[in-house]
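Okay, here's the structure, questions in a sec.
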Amino acid sequence: MNRNRLKSLVIPLFSFFLAIVVCGIIMALCGYNPFTAYSIIFSGAFGSVRNITNTLIQASPLIMTGLGYMVSKRAMLINLGIEGQLYTGAIVAALIGMTDLHLPLILHLAVTMLGGAAAGGLVGLFIGFLKVHFGANEVITTTMTNFIIINFTSYLVNYPLKADGAVAQTERMLETALMPKILPSYQLTYSIVIIALVAVAVKFFIDRTKTGFEIQCVGLNQKASAVAGIKVGGVMLSAMFISGAIGGLAGALQVMSVNRRFIAGFSADYGFSGIAVAALGNDNAIGIILSGIVFGALKNGANILNMTSRTPTEFVAVVQALVVIFVSAPLLINEILHLGAFRRKKKEGLA
Amino acid sequence: MIEKIEMIDIVKQFPLVRAVDHVSFSAYSGEIHSLLGENGAGKTCLMKILYGMMKPDEGQILVNGQPVSFHSPRDSIALGIGMVHQHFMLSPVMTVTENIIAGVEPRKNHIFIDMDKAVKDVQALIDRYHFSIDAKAFVQDLSVGEQQRVEILKALYRGARLLILDEPTAVLTPQEVDALFDIMRNLKASGTGIIIITHKLKETLAIADKISVLRQGKLITHRQDLGESTMDDLAEMMVGRDVELNVSSEGPVEGEVYFEVEHCSLTRNGLPVLKDVSFNIRKGEVLGIAGVEGNGQSELAEVLTGNIKADQLVMKKDGVEISGDSHSLMGQGIGHIPEDRLAMGLIVEKSISENLILGYHGRKRFCSHGVLDRKNINSFADSTIKKYGIKTPDGNQKAASLSGGNQQKIVVARVIEEEPDVLVVCQPTRGVDVGAMEFIHHQILGLRKAGKAVLLISADLDEVMNLSDRIAVMYEGKIVKTFDADKVSARELGLWMTGEGNES
Amino acid sequence: MKRWLVVLISFMMVFSLYAGGAGESADDGQVRIAICLSTGGLGDQNFNDMAYAGLQQAVEDYGISFDYYEPETVSDFEPALRQFADSGMYDLIIGIGSDMCDSFSEVTPDYPDQKFSIIDASELNLPNVRAIATSWQEQTFLCGVYAGLGTLSDMPFANDENVVGVILGVDSPVLRMGVVGFEAGAKYVNPDVEVIEAVIGSFNDPAMGREIGISMNNRGADFVQHIAGASGLGLFNAALENNFYAFGVGGNQNHIQPSVIAATSIRNVNEMVYAEVVSVIDGTWEPGYIITGLKEGSVGYSNEGSEVEIPDYIAEAIADIHQRIVSGELVVCDSADGLDEWVSANHYDGLNQ
């Protein structure tokens, strides 16, 4: 393997390892046995077909939001609005899915997904527009639009779109708009295939296309890109559109395969977890698939742990946060690894 | 009191290069020692070790024969070593005195800053060495040369008896260089030792008592006496081979006017930066812009290449008006070698190949239907790397892995391979080694020979004088005077650059 | 690289061996219950804590054992239910909250031999599911009685006007039945009382709850019932500031502001959960859709913990009316449209004043 590539893997892997260790210490301090806990998590995540499918279900939205966050991050735009874009995609997909368009399964599925993606993309585009034309800081605008979107969708399902009953949710989507299951009585659907395709497409887009190249250039050196004649504003708009579209598609797939309708507050902060997923995935599409599965496994394993040993699931959030901290502090990791190398060197010197 | 500083057998290893390779070096009070070498030869690194900013991997430093060990500049300053960096570290909104005393303020009752005493002390220091600045002036009102003096005062105020000056003349006009040299002589007479880091041979011969030449981290020669040294023989020691120092153009050009700029004006933050700048360039002509940095040259280049929108501007190429943003001007045959390759020219985290097509990556030969053609890109990169002698194992290496000279070659190659009709070149050889400088100068003259119009903006007056057919001097956003290159002296240009020129 | 892989795989194997031992236990005839709590989890001082308390009670009384799961979002219900059902270890799997109905209809058909119960369900008819709903009108009726008598009484904060109020979190047909119960209760003892109502629009807006509480009091309401989740906490603050009485809802809320909360329209989720467990133990569990009320003890009235001194005749009336409903002598009005007719037909005659 290429030395550089190996080196770029060290920081995320070590960060994850460190996060697991630190979290283990926290668990121990709280009176839980971390070794038992981690072993239950591991078997709970991968121990049976049910466990594996549940892990993939948990991983699905995380991979998508990780990909979405990554695309904008490549252009040095911090899209904290994936959460809002996810809600937008979800509500639009739910509406399309509820409507009888007299379409066969495949087409209705496609229209529902595209609708969700387009809606999320438009939200991203709007943020990009504010950034490019008014210089609005996207960290602030995305955070604010998150509030607006989440509350507005909540209003929609509490009033005009509310289905009968006590729950704030839309009507159930039609069967033709629901992603088919892969195995009977397992919840896993073909959305996992769609997600794999999206990841491959994102990788191709970033690495091989003109726009992808320009996104990378703008992200690494905006001034040099502008001097070289790259239309920085346009590139930012495309990055935000694609980022938002992936977030929207994430929401669409979630309602199409898990919730079967839009339910207020359906997201377990998927949009924000995407930041940790992208960080652990080294901002690389394939890495994000793997890190999404890792976090999905952690979440699913933690659920099993919660069911069997009454350990709260909150520590998964702790691991996620620690990963983000460690990955974004590469100097810290380098320092720690360096210490090890230094000691080794000293030992060799003595021998 | 420092009498003698010795650095013995110093080694500094970086991951890929050995920056300093078993160098021994000594300096004495009351003499000026020139540390000569190309960029990347290890001069600055060696001096940062002496100043305590870096730790050597091997070797020893002796002050007056006693071994010392520096953990930070704090330690070296305490022993009387001072360093003036290439980039000044001054706060423009504070006064000279405030900048000088920051960190070592004289105190009243241990709490309040004794500003009266500070001003008095600083003014005394200024008068003693004839620095001729006002201790109460604001730094933002000072010229570059005066700001440099503030930096030197900062070191002196902290008790420096050995001064390290890193490329002190790079930013100065000829007149300011003379003033600096006077100050250096004054300091020397008062017993201060000076180490001057430079790659300028002319200045070394003019001021130095002793010379040490570094090349690729090694000490090549150490001369106690300059008596017989010539520029050519110092250059050969620096580079390791015979170099042609003066490539020059061949007299005035008679071709037709090809590129015209009329009434170019620009206001930034409410201040006029360019004031009605007009000029033209003939086919096969190099027009040089001389000027002290900050007189509108950078903005002129950015306006002409579409990176900044001017308030007013008419640009004509071959009689046809052209306009647009950088993207569209590139398409209309305007090439641009930006002034700062790291900030504006390269994306150093990307590969050499990708940097070689940056900006032209959308051209048909590199891209079809929005997908990059890796095969064509790589073969273009391979042949360009060969043609321009870019030293790298292959095009997949990051541009960051290259030396300054090789990085600059990427920027130059990219534009020249595109064969622009008009080339705007800014600081083409800033911070590159002599070998790369020679190569880049030949490339620019090659374009001239090919009948292109070239606008050369450079702070290096020698470069402007050597390459240009005509030289326009910019001062405070205006072109104040245009000369035929062979009919003007550096001294005269210097006067115009500082606004002292007059039509007589 | 290869060595890494070997290490990794051996780790996995050790882990899975180790983990295989945990969790499972021999079938010792002990009754095992699984419960999927509602989002919000333990510590909510409401639904989830009450459900937990009900199971804890069953542990003490019958020596059962139970496992629980705290979902983060609605998306977590279905995997959890399947996970519990897959294990085959549980005599009964309980879900809490009507937002779990979707997941129940999705999951339970795949496990026909597994018993499921859902508390606070909307109508659900599945062969292996017992869906339990509570009667809103019976839950709020007795607080309505308190308000109807209290506003006419000489209690310290009672004013001259014959007005009481009720605040809704959101306007839904189900919650409307709570309004019907409250209004029916008030008019049963005080036919001329005016009942004003308002909708906050959210279960999570205490500030708005406070505003509305104050404006209701300004319009003369001296007893105000909320059916508004966390928004209702604002009503309690308003009551404290403006000196009027409030009624809590759900779990016993009297301790929150004991000086102004007169009573709570209680839903005993703990009793409901406990009853489900008992029905499994004694073999009376059967599927279906069941609406329970005062008679079953799933809803009720409590002023325990309140410092508001209730006049004896009001307390007696409430106890008496409670008894009449339990015995079936009085049937609480069950529709908004029929309210006027019900009020004219039913009038309380047992007042000892």
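Each chain gets a letter, A, B and C, in the order it is written, and its residues are counted from 1.
Assume a contact is a pair of C-beta atoms (placed from the backbone, for glycine too) under 8 Å apart; a residue touches a chain by one contact, two chains touch by 3 or more.
In this text the structure is predicted, and so the values were computed from the model without any measurement.
Closest chain to the protein centre (all Cα atoms averaged), using per-chain Cα means: A.
Taking the mean of C-alpha positions as each chain's centre, the chain lying farthest from the centre of subunit A is B. Centre-to-centre, using mean CA coordinates, subunit B is 77 Å away from subunit C.
In whole angstrom, the spacing between the mean C-alpha positions of subunit A and subunit C is 36. A straight line joining the Cα centres of subunit A and subunit B is 46 Å long. With touch defined as above, subunit B holds no residue shared between interfaces to two or more other chains.
Subunit B contributes residues 305, 307, 325-327, 329-331, 336, 338, 343-350, 354, 358-359, 361-362, 367, 370-372, 374 to its touches with subunit A in the complex. Subunit C contributes residues 1, 12, 15-16, 18-20, 22-23, 34, 39, 67-70, 72-76, 78-80, 82-84, 86, 98-99, 101-102, 106, 110, 120, 122, 170-175, 201-202 to its touches with subunit A in the complex. Remark: subunit A residues 1, 36, 38-40, 42-44, 46-48, 50, 54, 57-58, 155, 158-159, 162, 164-169, 172, 185, 187, 254, 258-261, 263, 265-268, 300, 303-304, 306-310, 312-313 touch subunit C in the complex. The touching residues of subunit A, when paired with subunit B in their complex, are 208-211, 213-214, 216-217, 220-221, 223-231.
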